[in-house]
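Sharing a structure here in structure tokens format.
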Amino acid sequence: MMFGFSCLALLVVMGVALVRAFAGPSVYDRILAVNMFGTKTVLFLAVFGFFTGRPDFLDIALVYALINFIGVIAVLRFVESVTHTGTGAD
Amino acid sequence: MNIDFVGLYNYWVVIFLMMVGFYTVIAYDNLVKKVVGLNIFQTAVFMMYISASKVDGGSVPIYSESIELYSNPLPHVLILTAIVVGVAITALALALIIRIKEAYGTINEDDIIRMDLEEDARRDKL
Amino acid sequence: MALIVDALSWALLIAGVVLGITGAIGTIRFPDFYTRVHASSVTDTLCALCIIAGLILQAGFTLVTVKLVFILLFLWYTSPVATHALVRAAHHMGLPPYLSNNASADAQKGKS
Amino acid sequence: MIESLINIILFTMLAATSLAVVRLHNLFAITMLFGVYSLLSAVIFVELDAVDVAFTEAAVGAGISTMLILSTLVITGHHEKNPKHGPWLPLVVVILTGAVLAWGTLDMPLFGSLDNPIHQHVAPRYIQDSPEEIGIPNMVTSVLASYRGYDTMGEVVVVFAALIGVLALIGINEKKCAKRQYSSDERPPRPVLQVMSKLLIPYIMLFALYVQFHGDFGPGGGFQAGVIFAAAIILYTLTFSLDDAFDLISPRVLRPLAAIGVLIYGGTGIVTMLLGGTFLNYSVLAGDPKSGQHYGILAIEFGVGLTVATVMMLIFYAFVSRGEKGKVE
Amino acid sequence: MTEHLPALQVIIPLLLAPVVFLFNHARLAWILSVLVSWVGLLISLSLLFAVNDGEVIRYEFGGWEAPYGIAYKVDRLNALVLLIVSAMAAVIFPFSWQAIQKEIPPSLHVIFYTALLLCLSGLLGMAITGDAFNLFVFIEISSLSTYTLISLGKDRRALTAAFQYLIMGTIGGTFILIGVGLLYILTGTLNMADLALRIGEYEAQESRTLQAAFAFLVVGIGLKLAMFPLHLWLPGAYANAPSVVSAFLAATATKVAVYALLRFLFTVFGADYTYDGMHIDYLFIPLALISILFASIVAIFQRGLKRMLAYSSVAQIGYMLLGIGLANESGLTAATLHLFNHALMKGALFLVVAMIFFRTGGTSMRYITGLGKEMPWTMAAFVVAGLSLIGVPLTVGFISKWYLILASIERGWWPITIVVLIGSLIAVVYIWRVVEAAYFKPRPENMPPVKEAPAGMLILTWILVAANIYFGVNASFTAGIAGAVAAELLGGGV
């Protein structure tokens, strides 16, 4: 039961992060929100594994964390390179 | 709230996502956005398959002695293949977009069509 | 004994979730990017710690615990680095911070 | 009850994200939200018991696809013009399609019920007999590698075909920059990132190997392992530079490996043919059919992992080198 | 080894593609591809002779029996389509070496052959498989390599054409995926024969899900085969692809898509459901008639030869759909026969175009003017194949139209006959435009002199032209198979 409620609460956090990602306003706000969304997703998956009673699949959460991190780094790199070439961000 | 509602809700959202993705593909002129729309469209179809594979009270189809009921593994396999097909198409489409940008200087479909028509008109004069 | 462990893990989970929600409210309510980073990243580490500690208490000494520790370490390792890179990039590209009421109005005009 | 609620919230978030993707005009923002969309759909896959699919969707959709779109945007620019023509014709087509689907769902078997034909025919055999016939607990891997191994071979060929297409279109520019980028003046070095990624990358590769060989027991397998391995190299490219990555793993090495991966898969099939079975019938590989299946699955998963890892790296190289170094000469 | 023939048919080109890529040597790639295409032709011929008496060959991959594993099932229709694809490959692959020298930069030759082999194996795989999802996988293999091949065209429009085809093709593929998914959700199986068995119950209760699945499959495959309002990708793709690729695609790709349509309509859903349940004839006949008239008229006004032939392909697909729509044995015979015959004539015509391009460097009317004297053999091949396209007696085109007319009279809808005849008359007009320019106008002065095409290319083209006449004079072999196929399809035989 408590896992269920933790799941729901984490979903709320994810939803709030999503709102920030939709709203922006600057590109960095969005990246921040996406990053936060990603980390909370990792936690959600960890808790969800316990909720369904099969916590052996935490590998997925690890992959999410990895992909999320690389994604943020990639976005930053590309924002940087576009701004350098003078196209301007957001 | 009964499970029937949840089931229909899944399918309805899937249909909604398909329509959003499909609309993005055919209504927007920006080629990158078309590709994103195509991905949304495909992911929606994946969701349909996976929704169908779920069994109430079932578990992940990895054998364990304590578990009786498993969800259906076959749609998972099909969708694994379909995801790979999706990324292959995305990669190819993006490579085409890069070449189009280099050849036309734009990735806006309207502009590209206009440039082609102008070129036709020039050739007619020859 | 089992009851104490359950209660403790419940408390940790609740603490983690509350921290998470606090951070979320921060990212919505705070006025500019740098303050939002503060809100989300500061709670991030502790929130993850609490939740995963709560789960570890439930899992006991199994492979699952090892994986949970890995996840926590990974999050602790990457999350600050990502935040660092993000703020650094923002600062480097000239995103103005929120200084006072007047300045913020200018900053908001300049951005968005 | 809570499960249904989680399901509904996740699907609603997904729908909202898709709408935001369509309505925004900044392509960077669209790409990021697309990553979120993929991550969310992967969470939904976990929620619907499809852990292998979730693994793949996270690695491919949120990882590789997003990365490729970003590197395309570097070249093409990231502002979208407003469409000029009216949206009516597309809207009609889309609503028509949606209506046909909605019509179709009305008679659809209900969600989750065990009585559905989908759970009654064919699938029970996989669920009940595969631990016996194939000898590995992950049924998805059994079906993927053995029962429908031929489809998976097609999947590997699709990946290979994508590589061929990308190489034909944009190629990989292997020309070295005169000066390494991270040491130039206007691009500040990234010491924190570089140190941490150097520490992290070996562990990511180790994790990839774990995923490759643990795929029989848990979620994972050759495809996911390949993508994670490629992700390690991508991280290296992002924090250091493309030239450094070329020094680490040169495209010249990767190109033949991509073809060899496909050939390992196909070769396994040919060997089974020569040993008297049909194509990809691993049972003939050893005296005991069960260990034969095991060897066969090991071999083809290795082929899949090799092809996917090399192809993903090569495609990423192709996109980034086009952006940073321009056309192939 | 003979029991492995169905698998080898697809696997040999499929595995040769990475081998060619590995060796990275252009000439070797060509030689290997040619050898493979000839081996493929032999395999498909032996398969056709093995199943010609109505027998069915099965092949189970991985040793798992049919609904659990993936199985190939070869009957006459499969074997005929396999023969079309591999025969065209056997002619066009040898032809390709000289043709690509002027159209594709040397650094991409290996990649060209790799993609061509993948495309061939994808089409063969589509034509032979007995599993609905395996069909989707092979559709995507062939599509991905087709997009690559089209984008290798010289003009920048090849890129936009490839992109447009990619978008429409992927939508088509996804529609097929939806259709297959709905069928799977209803029945729990993916094997076509098993589907056909288990679908009956839903057909009887008029399941709306089944109807939706039917609609998605027809539209999805319709996109792939360029059914009339969905044909927009085809002219651009055929006109801008390298000439050899146009020839190969025009001769095979749409044929295989028509095959997939036949397979789903008649084997999976069954003729009764297709005609009486879903009334597909009332959809196909109007679409077919419009496409015959509209596409033929548009073809007249095209500047380039390739574009003209592409629109003519859209019209020809209309004839096939008309045959399916007429819903009787002669109609289906005509459709099946036209698969084969159209491959022969379009293959020959596009090879002629490739030779013209090889010598003159262009294919618009300007380049063709006065060519009759300069390239007599090439233009003679064009005339003969053009006559076949029109449907003059003693050519294959006549045979298919004859069956079509028979079918429309049998059905009692004789006005359709008039449309078919008008279509032929319009074909006379657009073929005549080319003939007039080539034979009755002098070569423009500013054009450089040209020579006759190389003997190797000519011989290969004339093999196809000769086949046009041979199967036109002696139609008993092809018509026999097509008739048997039609009877089988209508009888609901699996």
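Think of it as A, B, C, D and E in the order they're written, each chain with its own count starting at 1.
Just so it is clear, a residue touches a chain if its C-beta (ideal position, glycine included) is under 8 Å from a C-beta of that chain, and two chains touch if they have at least 3 such contacts.
Values in this document were obtained by computation on a predicted structure and should not be read as measured data.
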Partner chains that chain A and chain E have in common: B, D
Required steps from chain D to chain E (each step between touching chains, minimum): 1
Centroid comparison with chain B (C-alpha atoms), farthest chain: C
Interface ranked first by C-beta contact pairs: B-D
Farthest chain (mean CA position) relative to chain D: E
Separation of mean Cα positions, chain D and chain A [Å, integer]: 19
Geometric centre distance via CA averages, chain D-chain C, whole Å: 29
For chain A paired with chain C, centre-to-centre distance based on mean C-alpha positions, whole Å: 11
Shared-contact residues (touching 2 or more other chains) in chain D: 31, 51, 73, 77, 101, 105, 108-109, 116, 118-119, 122-123, 126, 148, 151, 154-155, 158, 161-162, 165, 169, 193, 218-219
Touching two or more other chains - residue numbers and ranges from chain B: 22, 52, 59-60, 64, 74-75, 78, 81, 85, 88-89, 92, 96-97, 99
Two or more partner chains touched - positions in chain A: 5, 24, 31, 56-57, 59, 62, 66, 73, 79, 89-90
Every chain pair meeting the contact rule: A-B, A-C, A-D, B-D, B-E, C-D, D-E
Residues of chain A defined as touching chain C within the complex: 2-3, 5-6, 9-10, 12-13, 16-17, 19-20, 24-26, 28-29, 31-33, 35-36, 39-40, 42-43, 46-47, 50, 55-56, 58-59, 61-62, 65-66, 69, 72-73, 76, 79-80, 83, 89-90
Sites on chain E touched by chain B in the complex: 133, 136-137, 140, 144, 147-148, 151, 156-157, 159-160, 162-163, 166-167, 170-171, 173-174, 177-178, 181, 184-185, 190, 303
Touching residues (chain side chain D, partner chain B) in the complex: 1, 4, 7-8, 11-12, 14-15, 18-19, 21-22, 27, 30-31, 34, 37-38, 41, 44-45, 48-53, 56-57, 60-61, 64-65, 68-69, 72-73, 75-77, 80-81, 83-85, 87, 90-91, 93-95, 97-98, 101-102, 105, 108-114, 116, 118-119, 122-123, 126-127, 130-131, 137-140, 142-144, 148, 151-152, 154-155, 158-159, 161-162, 165-166, 169-170, 217-219, 223, 315, 318-319, 322, 327
Chain A contact footprint on chain D (complex, rising order): 2-3, 5-6, 9-10, 13, 16-17, 20, 26, 28-29, 31-33, 35-36, 39-40, 42-43, 46-47, 51, 54-55, 58-59, 62-63, 66-67, 70-71, 73-74, 77-78, 186-187, 193, 204, 207, 210-211, 214, 218-220, 224, 228, 231, 234-235, 238-239, 323-324
Chain E-facing residues of chain B, complex: 22, 25, 31, 34, 38, 41-42, 45, 48-49, 52, 74-75, 78, 81-82, 85, 88-89, 92-93, 96-97, 99-100, 103-104, 112, 116, 123
